[in-house]
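Here the structure comes first, spelled out in structure tokens, and everything after it is commentary.
To keep things simple, chains are lettered A, B, C and D as they appear, and every chain counts its residues starting from 1.
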Amino acid sequence: MMTVAAARLLENGAICFVGIGLPSAAANLARATHAPEVVLIYESGPIGTKPEVLPLSIGDGELAETADTVVSTPEIFRYYLQGGRIDVGFLGAAQLDRFGNINTTVIGDYAAPRVRLPGAGGAPEIAACAGEVLIILRQSPRALVERLDFITSAGHLEGGDWRARAGLPGKGPTAVITDLGILRPEPGTQELVLTSVHPGATRSEAEAATGWPLRIAADCGETPAPRPHELAALRDLHERTARAHSAA
Amino acid sequence: MMTVAAARLLENGAICFVGIGLPSAAANLARATHAPEVVLIYESGPIGTKPEVLPLSIGDGELAETADTVVSTPEIFRYYLQGGRIDVGFLGAAQLDRFGNINTTVIGDYAAPRVRLPGAGGAPEIAACAGEVLIILRQSPRALVERLDFITSAGHLEGGDWRARAGLPGKGPTAVITDLGILRPEPGTQELVLTSVHPGATRSEAEAATGWPLRIAADCGETPAPRPHELAALRDLHERTARAHSAA
Amino acid sequence: MAELTTLKEAVEYLIHDGDTVAMEGFTHLIPQAAGHEVMRAGKRDLVAVRMTPDLIYDQLIGMGCVRKLVFSWGGNPGVGSLHRFRDAVENGWPSALEIEERSHADLANAYVAGASGLPFAVLRGYVGCDLPKHGAPIKSVTCPFTGEALAAVPAVRPDVAVIHAQHADRKGNVLMWGIVGVQKEAVLAAKRAIVTVEEIVEALQPGANAVVLPHWVIDAVCLVPGGCHPSYAQGYSRRDNVFYKAWEPISRERERFSEWMERHVLSTENFADYRRSVAAEQVQEAAGA
Amino acid sequence: MAELTTLKEAVEYLIHDGDTVAMEGFTHLIPQAAGHEVMRAGKRDLVAVRMTPDLIYDQLIGMGCVRKLVFSWGGNPGVGSLHRFRDAVENGWPSALEIEERSHADLANAYVAGASGLPFAVLRGYVGCDLPKHGAPIKSVTCPFTGEALAAVPAVRPDVAVIHAQHADRKGNVLMWGIVGVQKEAVLAAKRAIVTVEEIVEALQPGANAVVLPHWVIDAVCLVPGGCHPSYAQGYSRRDNVFYKAWEPISRERERFSEWMERHVLSTENFADYRRSVAAEQVQEAAGA
């Protein structure tokens, strides 16, 4: 459901800078369903890539072979991302706070970490420069936390009009898609509130799986159930992927 | 003789950033004679180009077709020239002063010029960043002047250790090849002095054709006469070029 | 998102009076047909940016379309002066021309900065050069790590970039090869982009040193075979050096220039028509000679 | 000027203890064979720069070759952690590892600045990010035209760049295609460059999105077919995802890691020998299972 719900938020024709893992799955599901014209860009350089199977790494050969063009990594970050050509940045996160700030660096102290995560990669500048940002992660009190151990990529930082004051070009996170529902920044405060609950999940589950007192939007509804063609497309994608990667 | 004398100064294997016109003729003559391994780069993007005929413009198709690779104009200026990869910059000039400074912008006042020349092009940064600079021009009191109307590209500016103090990466002009002889900067002052006279020309002709009191180096000798193979190579080059351009 | 359209429509809808326009192409692939269309449409007060103004801007200036020229080398390559450019600078004809003169390295970096969404570029340039004393907008910036002083130049961010390329596919993805100059940067630095092409092909097949511009960074793609004449398109045509030389006497005097432009450009419908008109005159002259 | 040589010689003469070394390759074309050769040669105190440390730096770190790591994303892509990297950061094993952690956009720009002969790069980055508080050498620079504050980052200028490519010709001109990452910039930013290649060909034939590096920017070209395994070379091999997954248990414990490296890397002569050694073990295990 998480992947389907995330895929739906990607508009057909959008120019999307895709992170590896869950974002990549959702973006390719969108391409396989309602958004055949979505333009997928990976930080390794492929532009307009149309992989048949999900890449394991950010630079699988499949991405280059099916792309409209492949450019260098500096060009992707300079001309495309920083140049303001990206509509949607699609990111994952290890930890997230109520203003959509992301930690992918360390759990615990930076100098003596409890868990050392991979680090920033392309995320800080994607979060800064993409027209808007979608975030996808599994919900738990250790993932959605009151206070990040480390801010890797700024969402709405301290909330309110912080982004505008900081001069960031993009709108920042507009939706966080989890396994339980969808959170969106509340207009004004930019605090993430629950705006949709997935079928089978409940509001109280979502509250319990959040490390801050999660507020529920007045118009919070239920996410429409996955339709058969969405589930079929997702199954096909995963089956093709599993076949391809075990054959390698 | 001027082209032959200039060609001789280009070492085999040197990486040479070539200006159009006289520098291009001399560089290609060098390649056709003693320096088959010279690497010629034009500001339009061709690297390691081996034109059979002299290009009329800085971006003739011949340059791209015979190059090892062609890169964008920004890459030529950023990665190759500014990146410190060029051994020799080979320039022409409309006006030159005793410190090897070049004017290719205007004769007369900038706002109300007597003659409006094409302008800077790549020259200021070639003059700044190439390991050393060779300049080729016909000598006359209007070309070699006491004072430039406009400094387009700095040679040794005010002479002495000006370049080092200004932090310029390259050594600046090391030789000026004219139709009468060769001028080189005097160690210490960096003032251009006559170091060689071409066969058939005289020291007093060179002095008369210079707008400042030209000094003669103590060891000033005669430029060795063009050898038959040099003349033959130059004639071939010009014949091929004339044929190609009239056929166009 | 690229639309396949006529050049006339593209110029009409995408270029406005007063726009900053960059028509690029470094000797190769100069978008001359688009230049003519701008003259036919009578666009005015343009800020025209181009490293090497060449014949295309000599004509635009002579036809009074340009208010300000930003450039780095203003000659007729291999031939001599651009007379219409000089007449405008020296005598203000047909109207005063403001100039902003920079160097190649500067403008190349300035396009890169524009494409990169940065307000300025940093380069090792202009040391000892008089251009900054005469209107070139050069400032200095200090490296916060080494303390070195470097030149800072403002980014070029045109309203419209116009280029010529060899191929586009039906979606409007564009392919060019050979000497590719600053065209990629010009397109990516601009708000809008018009690309004329030699050919529309079913599928792009990029070869050596190819540049591909995705369809979604382009607004209009227009099929104009030979649209870069007298410049050339690698794989399609050779540089018409004879025309470059012929431009010298045509452009030298105001009257002959104006007549020539009126007869061949303003009185023709499009670039194919223009080329027929010029060719017919050449046949006539040859017969008369 | 490129010399065709063995990888062993190239590493011996061109990489010195204490050097800043950039081994680049973005998932694709990772120069693993060269990494092994550095371990065999027992190089020490390296400052190792790489956007994505990957298995190649996990091994170099675990073998005690690295004093300082400059990086932007340190994981085993699609699998999980780099355990040797983590053990060095968290426990100082086998020796203390200084880290300088930056972002992809930063390092990509820093290589560009290095290749461009500039001491620093300017980017829109790090706003709100904690990295500058923890050793990332980020400063601020103000646009002299607009007054905007932007991030300034120091250029990367390695002593040696090491990359893997598909082709070289006999002069040492190098051709690569597919995902080309920051390799061109790494080579042009470096004082010296080593390139391992899949094949030496008579003439380069650049195709789509090809990068050509002229022979005179390269010091050594070494023929090492498959030298980027477990990464891949487009047109030659596929990414060995199974090996990436297998690295997880091999690298998790110090003892098993050290044994594995001793047996397969230190006790083998070259990369072909190493791959035979690993394959033999796999056959043995399959038989035992």
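Heads up, the rule we're going with is that contacts are C-beta pairs under 8 Å (C-beta built on N, C-alpha and C of every residue); 3 or more make two chains touch, one makes a residue touch a chain.
Because the structure is a prediction, the values reported are computed rather than measured.
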### Summary
Maximum distance between Cα centroids and subunit B occurs for chain A
## Note on the structure
Between B-C and A-C, more contacting C-beta pairs sit at B-C
### Query
Which whole number of Å gives the spacing of the CA centres of subunit B and subunit C?
28
#### Entry: Length of the line joining the C-alpha centres of subunit A and subunit B, rounded to whole Å
56
#### Entry: Distance from the mean Cα position of subunit C to that of subunit A, given in whole angstrom
41
### Message
Two-or-more-chain contact residues of subunit C, please, as numbers and ranges.
### Response
112, 117-118, 123-124, 148, 184-185, 206, 208-209, 212
### Query
Residues of subunit B that touch two or more other chains: which are they?
69, 78, 82, 129, 169
#### Entry: All chain pairs that touch each other
A-C, A-D, B-C, B-D, C-D
## Note on the structure
subunit C contacts subunit A in the complex at 1, 112, 115-118, 173, 184-185, 188-189, 206, 212, 214, 216-217
### Message
Using the touch definition from the top, list the residues of subunit A that touch subunit C in their complex.
### Response
13, 15, 39, 47-48, 68-69, 78-79, 82-85, 129, 169
### Message
Using the touch definition from the top, list the residues of subunit C that touch subunit B in their complex.
### Response
26-28, 51-52, 71-75, 77-78, 81, 85-86, 89-90, 101-105, 108-109, 111-112, 123-131, 134, 148-149, 178-182, 184-185, 208-209, 211, 232, 234, 238-242, 244
#### Entry: Sites on subunit D touched by subunit C in the complex
117-120, 122-124, 137, 139-141, 143-146, 148, 150, 152, 154, 205-210, 212
### Query
Along subunit B, where are the residues that touch subunit C in the complex?
20-21, 43-46, 55-61, 63-65, 69-74, 76-78, 81-82, 101, 105, 110-113, 116-125, 128-129, 150-154, 157, 162, 166-169, 245, 248
